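Each chain gets a letter, A, B, C, D, E, F, G and H, in the order it is written, and its residues are counted from 1.
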Amino acid sequence: MPEAVLCEGKDGAALVHLLAQLAEHVDNPVLLTRMSLGQLDGLPVELKKSIDYEPVSRTGFLHGKRPPVKGEVAVVAAGTSDNGVALEAARTLEFLGLSSVVMVDVGVAGLWRLLDRIERISSCDVAIAIAGMDGAMPTVLAGLVAIPVIGVPVSTGYGVAAQGGTALNAMLASCSQGMVVTNINNGYGAACAAFRMIIGKNWKQTNE
Amino acid sequence: MPEAVLCEGKDGAALVHLLAQLAEHVDNPVLLTRMSLGQLDGLPVELKKSIDYEPVSRTGFLHGKRPPVKGEVAVVAAGTSDNGVALEAARTLEFLGLSSVVMVDVGVAGLWRLLDRIERISSCDVAIAIAGMDGAMPTVLAGLVAIPVIGVPVSTGYGVAAQGGTALNAMLASCSQGMVVTNINNGYGAACAAFRMIIGKNWKQTNE
Amino acid sequence: MPEAVLCEGKDGAALVHLLAQLAEHVDNPVLLTRMSLGQLDGLPVELKKSIDYEPVSRTGFLHGKRPPVKGEVAVVAAGTSDNGVALEAARTLEFLGLSSVVMVDVGVAGLWRLLDRIERISSCDVAIAIAGMDGAMPTVLAGLVAIPVIGVPVSTGYGVAAQGGTALNAMLASCSQGMVVTNINNGYGAACAAFRMIIGKNWKQTNE
Amino acid sequence: MPEAVLCEGKDGAALVHLLAQLAEHVDNPVLLTRMSLGQLDGLPVELKKSIDYEPVSRTGFLHGKRPPVKGEVAVVAAGTSDNGVALEAARTLEFLGLSSVVMVDVGVAGLWRLLDRIERISSCDVAIAIAGMDGAMPTVLAGLVAIPVIGVPVSTGYGVAAQGGTALNAMLASCSQGMVVTNINNGYGAACAAFRMIIGKNWKQTNE
Amino acid sequence: MPEAVLCEGKDGAALVHLLAQLAEHVDNPVLLTRMSLGQLDGLPVELKKSIDYEPVSRTGFLHGKRPPVKGEVAVVAAGTSDNGVALEAARTLEFLGLSSVVMVDVGVAGLWRLLDRIERISSCDVAIAIAGMDGAMPTVLAGLVAIPVIGVPVSTGYGVAAQGGTALNAMLASCSQGMVVTNINNGYGAACAAFRMIIGKNWKQTNE
Amino acid sequence: MPEAVLCEGKDGAALVHLLAQLAEHVDNPVLLTRMSLGQLDGLPVELKKSIDYEPVSRTGFLHGKRPPVKGEVAVVAAGTSDNGVALEAARTLEFLGLSSVVMVDVGVAGLWRLLDRIERISSCDVAIAIAGMDGAMPTVLAGLVAIPVIGVPVSTGYGVAAQGGTALNAMLASCSQGMVVTNINNGYGAACAAFRMIIGKNWKQTNE
Amino acid sequence: MPEAVLCEGKDGAALVHLLAQLAEHVDNPVLLTRMSLGQLDGLPVELKKSIDYEPVSRTGFLHGKRPPVKGEVAVVAAGTSDNGVALEAARTLEFLGLSSVVMVDVGVAGLWRLLDRIERISSCDVAIAIAGMDGAMPTVLAGLVAIPVIGVPVSTGYGVAAQGGTALNAMLASCSQGMVVTNINNGYGAACAAFRMIIGKNWKQTNE
Amino acid sequence: MPEAVLCEGKDGAALVHLLAQLAEHVDNPVLLTRMSLGQLDGLPVELKKSIDYEPVSRTGFLHGKRPPVKGEVAVVAAGTSDNGVALEAARTLEFLGLSSVVMVDVGVAGLWRLLDRIERISSCDVAIAIAGMDGAMPTVLAGLVAIPVIGVPVSTGYGVAAQGGTALNAMLASCSQGMVVTNINNGYGAACAAFRMIIGKNWKQTNE
């Protein structure tokens, strides 16, 4: 699995200390997730320069990324508010060396937009299906494709949407068979899972 | 609204007492809901005879039903396990004098079965959409029709399905606009709501 | 259903991009919901000018509104704190071309204020009943009128009010028959549901 | 406070042991609550004889009851399913020496039945207001009377009624001022509270 | 019950409008609760002058208070963090014309401080017992006095304290008989309940 | 995906009707899940004969199983109480034509038993990791292998184990990267997911 | 830690198989917990004979118990309904070779019964404090003694007692310092924790 | 137990008043917990000078600390985000006079880092095991050592991590025997519990 650092919840001093240690190993790429702009700006100039940062996904690559591997993942998101999670997944896949195709705003309220993309999605190895509110899209998708579908609930919506809890439960209770699920907003974890599914036992490297 | 008695939770003696009082008014039809076979069998013979009972919906008509009114309701259920709730809705509609068409086993895991029925559903005045587990079908249906859609969550499923709680929340958080929702398993309430929508302010009778 | 954009949760750049696209179709009115003043002020001047914004409801009309249709809706709110949700419903009805009458501060703690308005409410096609805290008003109202009653729970109150969760559950568990419910604070959804109930199968236009 | 034994959850042998000890003090009346018929029948014949048992409330008086005191309590219940809890309250009041008047089936769905009884209720010292499902009745009652109102939620209903949890929260979040609440189904506790309110600091006896 | 305005959740313009209306009736005292300093400062100067404001309880008296009535209430709080709620109760009692004695920092972790005050508390007509975290103090108090005890849970503490939810449930599940409970942080409601208990059916005035 | 029937929650008559229909297509194998012995015994003799039933997993094969495909899955269960879920997974894999190896009682309280099996598990294509109570084993396993790990929470344990809810949440919040999760007790779903991962886009057949 | 088998949730065949294996090692005492009488009676005669069973605690000793060690534990329970959990703790302590003193019915509603026992409890090494409903007793006890206090919540009570959840949360949120807590009803776990506290690092034996 | 003040939730004036009182007793060391930098800076200069403050743990010693006692505690934390809680425990131990050894970043996702430290941990009298997210580390640790293990859940993580609720429940439901648990983030309480375990009945001083 990739060397990765979850930046959220770490205070400035601790983060600088940790990244400075990692930065000494220049041939070891590290993925930074949930890194705020404030956290990035709080780093020493040299350290900050060595990070390739993308703000919507809040991810950074320290010392580049891993060598490419064969495999493509469809990242499908129900609404434009799911953009941040979709990009976190896509950036993690890029870091891991996998290709991806991102499709946003294909929720089931406008069913035909999803139906139009089924063939393209089916040509991928794995689909990451991202949705908030009712979380219905991954269920509909999983009923239409044979590849693995990883549902990622998102904390959009209000009231009973419950910060993604309803989408999470709807995906877990899905009447489509063989769908699997990650924690809320966990685009990073879904990408790692796709990596396991595509590379799996052929993977010799061990990582932290 | 119909004179109705929710039998569940009433002990035998109290139920006999209540129904005996109601039975004295022979020209006043009463709907009995959630009546178990045991409760029916516990009634005095004469009283039992005056009830038209249907076991799957657990409903009874005491002294017949109301005069027919104009209007048709589509009762659409995602799975065969939702049968009881679908029939409770259909029987209540029948009692209220409304027509209905019942369609079972049209969940979104097999999307085409639902798509094939959209035209027929759109020809009705109101749709009652019944689903357990992920509760995704009413959302998809509401995205495809312009008539009112009343979502009824059902307590099927296990684990995070949470006795219908997940389906309920998914329907309330639906990304399809203008869907409304009732309590879990409340086919009776959905039928009463359809009646309000179809008859509404043209209805002069007042009821308890 | 109306073309509508839920602005809440969308970051500035994404919102500008989306609205700029929609603004190209000048004969296509769009409803903007949950738009903060900050979001409005962040738009390019030209775009901002083409929006009719109302701050209490946080709604905007881009390129005007839809042509009028026949029908009137009573928007009834229990307390003055429910104002924002009541106006979101009224503004959505206005956008959809429906008439509405708004009555605020008619909670059941002062029962007579509600009783005094029953006749007026009964003259409408649909009632939208808005309440927070104990959510009791819609139940009392539904016991007194025959028209459809759409309960909208509101996130007012504190402690066990649970950001509207208690009002939501109380409305769903209502002992008044045939009441239907929407998500918490969803005045927009209630108005769309009223539109379905009044126009329903007579509605030919299809929308996203 | 009364010497009382909560029988529910106590196994047969432990209950016999405890009651036999209490029965030795023949001039000390004891109230037994939530005692099933099975538990009563499991007692030795002599012990059983000394108990005045009432099955709907599942209460028993061991060695009679306390001397009468001045004061009357209105026990008001929304539905016939709330009968058991209403009688538990009334029997506890009887045991404590207080008068009571019981009114059942006065829920807010049929508002006028409640309005008709306001004057009689207002003539009492305290009102115990019992309701399940949406728990709306105590709120409406408290808005109409000046005497203390003790809300008792009941575990009737299904789905979101949540075994009385929704009624409980609705009563606690009530928009009527100065209502107080007990645990779900706790007719016994409500009666003890009424006793405190009526007798209060004039009460010299100390009890277990 | 007192004319009262819950200021929390009301925006500035609406609050000014409402208070200006109430201020026209100069002989009608009004209680303002949960009013922030910001809300107070946002009022017109004349209006602000006519309000007697106290910041810890966040309460204000508009046009003074009600005439004194006979009766004393013990306001007992477990910790210094419960101060705001205790003072909200005491100020409401003052507004209602009742006397009160406030005792703070008498939690059960230091049991003797509570035991030392039992005699004084017992000399009052009603006790309001305020506690957060485990909510144990009202239970212990109710086991030691015969007067009515109104438990008020407070949202202090962290983790499983759950913003007062644990204290609330602990009070409702109390093993001390006849304790009653209000919503979390509801010192105002507890004072109103005490007023009902002390004045009750002797109260002729009706208020909204 | 396999043609499958979830028998739980279906009443006898409906189940016979459904299976009789399916039984007409003798060359179409169907998987029956969560079928009780009572349900099996309630079937007509001929129908019952055509089913290969296994009681611990409560699964049945109607008309045999699917042709073998290449791939092996490790089914790893933390305790002996997880047996039923483990066998449901293994039987579903067998029905789908996949090989499996089942390892039971390898929970983390006795860590070495798990460590001793890492090499064997790593030789499989996918691991299904089954655990109740604290749900810790799948996290530890996923930290030690590179193949996909599907966590299946189980409803064993008591109190805060919450019928599998704690194990579910612990797996979703896992600090091991790229683990995916199914609904509680869903051994069937985990096996279907493993099938998707192994066969995926090479799968041409379409199913119900 | 002791070799122990949690029997609850294990079906008959699996339990016989497991115990038969363990029974082969005659010099290895095993503790059986949550074993129902039905499970005991389902064992082969020889196996059943080798078990010392106690029905209230539902515990059994297979091949006797461990050698005595120095140390005494106070097992304090608030109510007679907590008896089963108290005896499970006491039997586990006996199996582990520790002494214990059991005190039942010392809840805080009758505070003096607890105060009378403080000196005796303080003479022990550890206190196990068992309570359901409001869970207040362990908090009061921990405020009065310096020895370790292990709170064990019990699933007695009804309504908001929530099968022990309220007692659990109240103990965790306790305002008494340094109290620790176990799962609901876990008398066995509390005894094991007491063993760790008394023997701790002096314990050389390793166990399953 | 130590004289301690929980500063969180206390407003500035109240805190100054309380600390000024305590500061008068110069030979009585007091521990301040959850004190923000803002609270510290709000104190009068003299008072502030007499406090030894540490910002990561947010603890302060007023008038020094207690005399040393014999005993060592292992403070083991799963991730760097758990630092604050680990230091709160270590600082409280220091205040109490106990030695401690702190080990951070030994979570089970990298199992060997924990295994390498088992011998050192086993040489201590008590282990405090701190973890957020899945809360799995204390369970694994408790399976490997015989000393008391106090699990402290931490509010790190997102989504289903539920502000530490999942870690809390996982620890309470642990399949490792005899682990005990404190409230979320309660490093202070865990240190007090360790003090009880090490000093216990040998402790003569009484404190509030």
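What we mean here is this: contacts are C-beta pairs under 8 Å (C-beta built on N, C-alpha and C of every residue); 3 or more make two chains touch, one makes a residue touch a chain.
Here the structure is a predicted model, which means the values were calculated and not measured.
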Classification of the subunit D:subunit G interface as same or different, half of numbers criterion: different
Most widely separated chain from subunit E, with each centre as the mean of CA atoms: F
Turning angle required so that subunit D lies on subunit H, C-alpha fit (0 to 180°, nearest 5): 180
For subunit D paired with subunit F, centre-to-centre distance based on mean C-alpha positions, whole Å: 49
Separation of subunit D from subunit E, taking each centre as the mean of its C-alpha atoms, in whole Å: 27
Sequence positions of subunit C contacting 2 or more other chains: 109-110, 159-161, 165, 168, 172-173, 176-177, 183
Touching pairs - complete list by chain label: A-B, A-C, A-F, A-H, B-C, B-D, B-F, C-D, C-E, D-E, D-G, E-G, E-H, F-G, F-H, G-H
In the complex, subunit F residues that touch subunit A: 1-2, 4, 122-126, 146-150, 168, 172-173, 177-183, 188-189, 191-197, 199-201, 203
Footprint of subunit F on subunit G - complex, ascending: 6, 8-11, 14, 18, 153, 155, 163-165, 168, 183-186, 208
Complex contacts: residues of subunit F adjacent to subunit H: 78-79, 107-111, 133-136, 139-140, 142-144, 157, 159-162, 165-177
Residue numbers on subunit H that touch subunit A, as the complex places them: 56, 80-81, 83, 110, 156-161
